[in-house]
Amino acid sequence: MIRNGSIIQPRFHVHRSTECVNCRKCIAECSFGVHSWDEKNKRMKADSSKCVDCQRCVVYCPVDALSITRNENIMHPNHAWCEDSLNEIYRQAETGGVLLSSMGAPDRKVPSYFPRILLNASQVTNPSIDPLREPMETTTFIGRRPESIERDLNGKLIDNLPPHLELKEPIMFAAMSYGAVSLNVHKALAMASEALGTYWNTGEGGLHEDLYKYGKNTIVQVASGRFGVHPDYLSAGAAVEIKIGQGAKPGIGGHLTGAKIHGDIAKTRMVPEGIDAISPAPHHDIYSIEDLRQLVSMIKEATNYTKPVIVKVAAVHNIAPIASGIARSGADIIEIDGFRGGTGAAPVRIRDNVGIPIELALAAVDQRLRDEHIRSQISIIASGSIRNSADAAKAIALGADAVSIGTAALCALGCHLCASCQTGKCAWGIATQEGDLMKRLDPEKGAERLYNLVHAWKREIEEIMGGMGINSIEALRGNRLALRGVGLTQKELDVLGIKHAGE
Amino acid sequence: MEIINAKGMDQGDLCALIKKERHLDIEIRNCCGQRYIGCGMKKTRINIIGTPGNALGAFLDGASITVDGNAEDAVGDTMNCGSIFIDGSVGDAAGYAMRGGKIFVHGNAGYRAGVNMKAYKDKSPLLVIGGKAGSFLGEYLAGGTIIVLGLHNPKNTPLTGYFCGNGMYNGKIYLRTTERPIGLSKHLLMNKVGEEEKETILRPVIMEFAAAFKEDPEKILKADFIAVEPDPENRYRELYAAI
Amino acid sequence: MREGEVRIPSGCAIAGIFARDGKRINGRTIRDSIAVMHERSNGLGGGYAGYGIYPQYKEYYAMHIFYDDMAAREECERYLDAAFDIINLSKIPTRPNPNITDAPLIWRYFVTPLPHRLSDSLLDEEEYVVRTVIRLNNSIKGCYVFSCGKNMGVFKAVGYPEDVADFYRLEEYEGYSWTAHGRYPTNTPGWWGGSHPFALLDLSVVHNGEISSYDANRRAVEMYGYSCNLLTDTEVITYILDYLKRRVHLTLEESASVIAAPFWNTISLKGEEEGKRLAYLRKMFSEFLVTGPFSILVGFGGGMMALNDRLKLRSLVVGEKDRTVYFASEEAAIREIAPDLDSIFSPKGGEPVIVHLDEGVRA
């Protein structure tokens, strides 16, 4: 049927079984207005056209009466002009708008390499290790290392290492800004980081004053909009991250609509309430690599050289030379965010077409920095769809010092990847600033779930390392012989720097 | 007052010396290209004779800086509060992402002055340019005030370059002219500044400017001003369509 | 199939003798020691490193080179001639042994860098020698320099160590320090260069075990101009030690704290100063941490170091009699040549045992 003048038909279909007891819980839970009570017919009804398949009503239905499927209606089959392509055209024909969505690129035509990489294990020639009983180290230090040692007059080694971050496990939480996500998400991330001995990242929206107490586990971000950035903020965290780009939208700035900017968000970002907050595409004080060096130095001057500086870039075609330039900019750590990295809002065409997968980018950067003899001077964080501990272990074996997780962390908090963050109506209380919705996420429980997730991954990484006879994470880092590819072309194997299974 | 002779001094050494200096009043002589002077500082008064390098007063947090000479790029970058007076001209990207405090430039500003300045409640940054400004003045302006006076402009050439105020969504740009900036965006409104606004908003600033740089305030205020600000009816959000 | 074409893990026996007083020990002694551990080898590799064996040429680099054929020899000698002053050259004396077959041509050269070539290179002398050796091994087909130190030499072959000693007439050499290796590789390499010890300048390493950090270590050390052609653990450990000792200027003790770094919780139990030192070394050189089982004997001019991995997954025994120190994978190998030891002990995992010539003793 035509709805509001649109010819677009619903993507999903909400089914309600006869188990329904008309309790109306679904009406309360759905923030998109799908469910309603039909007073005339005395029954529940659903407007499937509004459904984003966030699964909130399904999970919270007390009698298990609800399910959501793809709309059974099929459009005329055509591989070249599939249903999604047609609907996008209808949408743009009706609105004239740039298509906007959120979370990471869902397209499966771009390969995901982690599932095609297999890990090694010891058999006979050296012993595997049982991590439950034997020592197993996942502590990771990241930061810059000087080129040479120094000794005092007595020949004693001088500790000439600049400040490092100490991670109890090589997993940290990715940048997600206050405004894009709720304060409760930030609270949960901060508490979990403290318990795990790792770090969370403010994203570009500043740090809420209540969370300054988690500073030693916080990475504060400086992005092009410089929201919430002032000297005390820079000094509040354990490290400062300069965000140049993110995997979901390389080369694109940000746009937080005025509707989300009120109260504490305006205060934390230090912008007026109700007015859009724009992050320009570039930093307008960085137009060239030497300007990056300037910003890195500015931040170090402002923090008296007590904080490592991270530079986060999106994985793009020439990521290897870019990383080399960053390594020589005085930055201590490079974070590379891959093609499938998440976002609270990005133009669909950018999200699905710009950038390269993290596996290839990471392998290329690690090798390039080695070719230039500077890999040991700088640390690498990889991100962009690290979905489980095996992905993390593979990333480390490809050459990362640590990984950071955003989407996986949100999923731990209940996110079902409906990719509707940009609406601000997140039914799980994550990507929303609406009071009642925000309350759905209890920060304490959220922190516990995040802790459980990362702790479980750490245990799994220990199992993976133990199987290889490795008892310290640094011996896995860059250990590409621990990896083999399956079903990859020689070119892909060459870029990844790994052999094919069986070789 | 403590006097530092910066001739030939490494920028790291100079910054460390300034930070260590217990005096609240410092004069740097023979400054030439040393960057990050005053970066993040809260209290000190710094007078500079010479040409300070990039990112002078970046993240400035209450300190005051005066320069007898020109300054280079990124003056007052992401500055929080405090003041910077330049008795000369500045390079590109002056006052980038500034959120408080004030920058007074006696001469001209390069490209991209005042980009992404922002305001929140009582914190509102001020950038005053005595001469002319380059292109992209006040781009993405998110709050605060930019004033361009166009002094010492005998040929009467335009005060701003191209793309003045592009993407601006809050704050105000005052120009001491009656001419519409070249190619002003349709998202922006331009109005002549009325007497009341001139007296309440501009006069105190011009008085401070004139006192600092020995100009005649009344002569400056005699001319007409225009103000550029975002059009509340014509914002950017209709650009997007959710899938 | 050669080393370098595939990675070949191997188990092994190791033995070493070191006379602190500089007493000259006959090569037969080390042969007798390693022979006891016959069961730990499988006949696919054996070798020795002797120190103080060339006193008459001690100022010169002794190059031991395998050639596949005369053409390789001619090409290599042209190269050597251009880079070095060759003081002496000869075949290394061997005797036929029924268990040693497929021997390559084995030559020995005592050389010193040509002064003008050295100064043109802008390198220090040792780096000049190292680069030349790496270049020879990488670029000349059928040529492999397997020993290039001063007043020391490596003797190795495919076979059991006792047969290798017989083949090389080891009883004709005397030195203050010897290491030996019996190899148990997990396939059948037919190439002599892959046997151990592995040596660079006067640094030689024999090793037992298979390390699990191999590729992390290899990719790290290759950043500094090394080329791990053999894909063996011994090679990468030698390069790491050479890098840390000669290029970074760490002491051997410090190098040991890098490659067998203590666990973080062990470091936290050390005193503040020692804890800081260990933490610094571990953070600064984290890519050179070697994990998995290993016991190594490192020979160098004037000294020897024995080191186990930090979990002590391989056996290593150290005995002393008067001023002589004995090392071996098994105590029996020591008792065979020194039945009445003054003391014997097993070093702890990760704690190096380092011995030097007594003060005043010249190599």
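Each chain gets a letter, A, B and C, in the order it is written, and its residues are counted from 1.
Note that a residue touches a chain if its C-beta (ideal position, glycine included) is under 8 Å from a C-beta of that chain, and two chains touch if they have at least 3 such contacts.
Worth saying up front: this structure is predicted, and the values here are computed from it rather than measured.
Viewed as a contact network, the protein chains form an open path, each link joining two chains that touch. When you average the Cα atoms of each chain and compare centres, the chain farthest from chain B turns out to be C. Put simply, the C-alpha centre of chain A and that of chain C have 47 angstrom between them. One finds 37 Å separating the Cα centroids of chain A and chain B.
With each centre defined as the average position of its C-alpha atoms, the distance from chain B to chain C rounds to 67 Å.
Put simply, chain B touches chain A in their complex at residues 15, 19, 35-36, 39-40, 42, 54-55, 58-59, 61, 73-74, 77-78, 80, 93, 96-97, 99, 112, 115-116, 118-120, 123, 136, 139-140, 142-143, 167, 169-170, 235-243.
In the complex of the two chains, the chain A residues touching chain B come out as 87-88, 91-92, 94-101, 222, 224-227, 229-232, 234, 255, 257-258, 266-267, 269-272, 275-278, 280, 284-285, 294-295, 297-299, 301-304, 347-348, 420, 422-423.
Across the interface of their complex, chain C is touched by residues 122, 125-127, 134-135, 137, 139, 141, 145-146, 148-149, 156-157, 159, 161, 164, 370, 373, 375-376, 468-472, 474-482 of chain A.
If you check the complex, the residues on chain C that touch chain A are 7, 9-11, 186, 209-217, 219-220, 222-224, 248-250, 254, 261, 263-265, 276-277, 280-281, 283-284, 286-287, 289-293, 311, 313.
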